[in-house]
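Think of it as A, B, C and D in the order they're written, each chain with its own count starting at 1.
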Amino acid sequence: MIVVMKPGAKESDVQAIIQKVEKAGCAVHPIIGENRVVIGVVGDGQIIDRRQIGRMHGVESVMPITKPYKAASREFKPEDTVFDVGGVTIGGSDVVIMAGPCSIEGRSELLEMAHACKEGGAHILRGGAYKPRTSPYAFQGLGEEGLRYLAEAREQTGMPVITEVMDPALVELVCDYADILQIGTRNMQNYALLNAVGKSGHPVMLKRSMSGTTKEWLMAAEYILSHGNERVILCERGIRANETETRNTFDLSAIPVAKALSHLPVIADPSHAAGKWEFVDSLAKGAVAAGADGLMIEVHGTPEEAWSDGRQSLKPKRFSKMVKELRGIAQAVGRDIPDNSRLVPSLPKNGVNGHADPAIEILI
Amino acid sequence: MIVVMKPGAKESDVQAIIQKVEKAGCAVHPIIGENRVVIGVVGDGQIIDRRQIGRMHGVESVMPITKPYKAASREFKPEDTVFDVGGVTIGGSDVVIMAGPCSIEGRSELLEMAHACKEGGAHILRGGAYKPRTSPYAFQGLGEEGLRYLAEAREQTGMPVITEVMDPALVELVCDYADILQIGTRNMQNYALLNAVGKSGHPVMLKRSMSGTTKEWLMAAEYILSHGNERVILCERGIRANETETRNTFDLSAIPVAKALSHLPVIADPSHAAGKWEFVDSLAKGAVAAGADGLMIEVHGTPEEAWSDGRQSLKPKRFSKMVKELRGIAQAVGRDIPDNSRLVPSLPKNGVNGHADPAIEILI
Amino acid sequence: MIVVMKPGAKESDVQAIIQKVEKAGCAVHPIIGENRVVIGVVGDGQIIDRRQIGRMHGVESVMPITKPYKAASREFKPEDTVFDVGGVTIGGSDVVIMAGPCSIEGRSELLEMAHACKEGGAHILRGGAYKPRTSPYAFQGLGEEGLRYLAEAREQTGMPVITEVMDPALVELVCDYADILQIGTRNMQNYALLNAVGKSGHPVMLKRSMSGTTKEWLMAAEYILSHGNERVILCERGIRANETETRNTFDLSAIPVAKALSHLPVIADPSHAAGKWEFVDSLAKGAVAAGADGLMIEVHGTPEEAWSDGRQSLKPKRFSKMVKELRGIAQAVGRDIPDNSRLVPSLPKNGVNGHADPAIEILI
Amino acid sequence: MIVVMKPGAKESDVQAIIQKVEKAGCAVHPIIGENRVVIGVVGDGQIIDRRQIGRMHGVESVMPITKPYKAASREFKPEDTVFDVGGVTIGGSDVVIMAGPCSIEGRSELLEMAHACKEGGAHILRGGAYKPRTSPYAFQGLGEEGLRYLAEAREQTGMPVITEVMDPALVELVCDYADILQIGTRNMQNYALLNAVGKSGHPVMLKRSMSGTTKEWLMAAEYILSHGNERVILCERGIRANETETRNTFDLSAIPVAKALSHLPVIADPSHAAGKWEFVDSLAKGAVAAGADGLMIEVHGTPEEAWSDGRQSLKPKRFSKMVKELRGIAQAVGRDIPDNSRLVPSLPKNGVNGHADPAIEILI
């Protein structure tokens, strides 16, 4: 930590800081300039609160040197984090495609979309059972019923599934059905939820908040990692800025920056960034070219009837075309969008992870 | 809703929209311009999803007319919401002062600060028992122990107390001790939490998120109000912008804007906005002059030792001086910062709201 | 300057920096931490380019210590800058009111408004002769004709006048008519213009840019001051943020922050910040309470007919009422909005500052 | 234009608007909803000022339908604008690479870099002779001397040259030397300058401002186009947002959005967006994948000695490697980065565009 004193700060002010710092077991290196004193503090940054020092007499500002995140940092773990989820490798040389509808609207709709996404080249199925809606009067998701449909879609297609969880009390339930837990942009700093998914040990995809910095994003990941849960995926989904033609402003540089600062896989969600299907293709291509480890794409058969986010959803045909074109981009940057035929459907069975599955029962 | 067609949109595109809208029971008013068609839709905006229409052929954009919040709006309830919390009237002509330390650091520290704040003119005591910290390694609050100290401080001073709750599972517990539940800026769109505090029926102070618009803020309030919980206070605490000299950028206009759009009381938190104690005074004065119904101020006896937010905390003496000066501002805008001597301490009793209170037991 | 080396930076990288710094005549103070080296550099920051050092091997970041502005800083000149413009004292204990129409629309309209503003309590008349319009097809101002009307209004009311200049080539002409040159928000970093008004020696009011930090604002002032022109007024007029209910987001903290960092007077323009007349009053009161040295208010007799910015203009009656109420606020913070009757009209004369004035000639 | 009346607006308010609109020759379509009246206005939006209507009694808001830009819009000109500058085609299927140093630091330095950039694959040479510097004390550029070096570099390499102009009074001079005039981000709304470059008839590259929306960017282009100057290139260079790891936040979606709304070529400047050389490569690749018509890249032989922007400059070797890799990306999206060997140096001649060139004279 570097403590910058005000010009004309008193010697006694400087001494007070030195005493406080040394008392905490840190070493002090004062630098006497012509107009002011700057104090270098060496030691564990966690011991001394930067804002406490900032409140002391004669102090102009306090600048941190050490990054506040540890387990999430490349300094801590230089090699890329790579892990497998249901047969799909995330964080390696493959570019992973997650696709599916925004909301799960019904069993047949989801199954149809799951098959269409797999045919289009997807590796992981997305679908919302619990929806964070700005309005309390809007459709809030099918809940556990949706989770069951999701599990059934996994069995029929072999694709692992990802879905959002918003309530710490529901983490256990969602873990029973989903392969990856999604933390939405509004909950990036919902620490009760981060602690709950951290403790679950389940793979987690953490979306960046609308106005969060990379540092805050990695600090949120640190909450999850601090519970020993190392399977964390970062997802850039657009930030708040001045532009109104798109729903959010896709921050392309978040991809190389997060990958430089952290070992965690970074994927992009061009659908929420664009907010309009016609721009999804360009953002998806840009993201892969810039080094994204994967994409999350909203796909819907009849977007003009979608219960949410129809405006930004691709139809399956367009999705399929886009994935083909993305392969060329991936190869140009030395990567691959692998064929998804190795994802083999399992036979429908009675009960998913121990839960009786009424959706399947109806089939019998 | 107004549907703006692209120049050159086909007649069949227009007819498709008219059919969809009429099928939903809404009336249609097409306006044929020289270059394009605009369709006015009259009816209940909740029936038709604006983004579905936006996805249809030939549509350029869809503009909402009706505000998405209802219970929170002035149109719904023209007169100001005024309510009493533990003898303090919020939302009326009085300007209410909430003050106290950022974190509850211990029993004696809190009690000392509570008395100092009351002497300085405060009406409501603040203090964090559960702290939302950017780092998982930082002090996370004393938890229920802190809540007990808070309740004891209320008994000794007569001031009702406010504290943050972050986990839906803890809402019931916090209600047992606190008079007002605080929803922090990071949780403004944590819908599981909003639903929980809405159902609790307890008074709630809802902080605006760092990048939230007034509309989103009122939509978040709508979540709470939709459960029939009408005692909601809005709190502006600064937004994210480009300035780095302050911790956040205090959005003064949020006060008159929120009061124009909504009937809910609006208070200001200049401490978190400024992030530096030396600017708190100016922001507090500006907020009261602009019509704030109250202020929330961080006060600490030894800010340079504070476990959190010491940089922005006022010492009791300065707080007291500021409240005196604020009285002049309040009177210049036809309001009053009332004397707090009517808040009468209750005798310490065994158990707060039915909970045994070990802090008190120790005293016996 | 503090140079933070990457963890694991080589000793030769550190030596290369030390050599470069010492070669430039600066002193070096290396601090050896457990994981990394930090190098304190003492000397004139102008000598070494921070970004050059940042590009050297092994460097993680470079942090400036010295503020980049000098003449604008309080460190350079601790006492407030106070100066007189046409009988009005700016920067002292008085709060100065500048008022008038957005655009000068015609001679009689301007003169009528000038008298109305003076009756309402204004000290300085504003009015745009050259208008920065987003559209090339919108009304661009009356140009020199407008300047002549402005000069005539000054003679009839005794109020000095302020008007915007956008082209360096017109600075001399505008100086002939106006008492204060206004630099608009879009031109805060138009260095050719800043140099031109700096050289003119005329008083200048510098609006903050829509996304500019206080540091950039003071650096822009530094351009003007560096020519020896010390009569600079800073004007906060709202920044870009996420809110859409107001035209811009008024940054109240800019007032105390700019006054802490600089000795220059700081005024506020609540009209452009709000963009809606109904919120101007609240922002104006907040600004004065927070320490603004003055206000700039748009006033128009028939705002619904205004050629620009009618939406945010107050009618004279409301302006007059607001100034009366502002007096109470000013007094509550130990200041005064002085009576403007000491501003005495001069007799209409043939020619203003040497220019023949056709508007007057018509009268003869 | 759509005029939304407040709920409960009076019939007389509605009639006043209808009269005003009809008086201006526009047609009116009132839509009577349950709670409020909405008025559709058909006719030329330039006739009636939206903000005037917004100021009338009973009006809640006024929403524009017609885009404010005309000549810049795709509606006005559906086909892409393609033009040739010195043998380089801009806006067609080729992706054009502009490269060179931030500042022109000397004759030999520039010539060396020009040759290195050409060898690396560049088509157009950039270099700043007039530098917009935040500090008045920083290096401001070599001025006309720099322009002469630039012209010489063009002759030696055959590459056309681009350079920034900041003062309307210097536009003519810069046109004598440069093939493309650059308008910097700080001057996007410097209307005096936009008018001057518009009148010049010279090709112009218009950088987006740091907080400008696409609409404002196209309105700025409209200023230039309104003078009949159709050779305008748009350049996205990063906006202001919350992230601090990069200098600006590169807005990838600006590329497809601007190309959807306008027929003008759109290029990207990843150097200024990133602010750090290590991220330039990723952003450049993302931009080309997303459909950019070109790139502007800062290249410097010894960035750690650069007089400006060394932190973000690539060394020639890395630039060359990047261009090779970009070719693969361009091909994956059906485009090409053409070989630049067709750009043939001209023999050094006495005088460039009629100006005597001392730099050349020295050679004789």
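Criterion: a contact is a pair of C-beta atoms (placed from the backbone, for glycine too) under 8 Å apart; a residue touches a chain by one contact, two chains touch by 3 or more.
Keep in mind that this is a model prediction, so the values were computed, not measured.
Annotation: B-C is the more contact-rich of the chain pairs B-D and B-C, by number of C-beta pairs in contact.
Averaging Cα coordinates per chain places subunit A and subunit B 27 Å apart.
Rounded to a whole number, the gap between the C-alpha centres of subunit B and subunit C is 33 angstrom.
Separating the centre of subunit B from that of subunit D, both taken as means of CA atoms, is a distance of 42 Å.
Residue positions of subunit A touching 2 or more other chains: 211, 240, 242.
Contact topology of the protein chains: fully connected, every pair of chains touching. Of all residues in subunit C, those touching subunit A in their complex are 2, 4, 7, 29, 31-36, 38, 40, 42, 63, 65-66, 75, 240, 242. Every residue of subunit B that touches subunit C in the complex is listed here, in rising order: 211-215, 239-246, 249-257, 260-261, 273-274, 278-279, 282-283, 285-291, 325, 328-329, 331-333. Looking at the complex, you find that subunit B touches subunit A at residues 20, 46, 49, 51-56, 68-69, 132-137, 166-170, 186-193, 210-211, 216, 219, 222-223, 226, 240, 277, 303-313.
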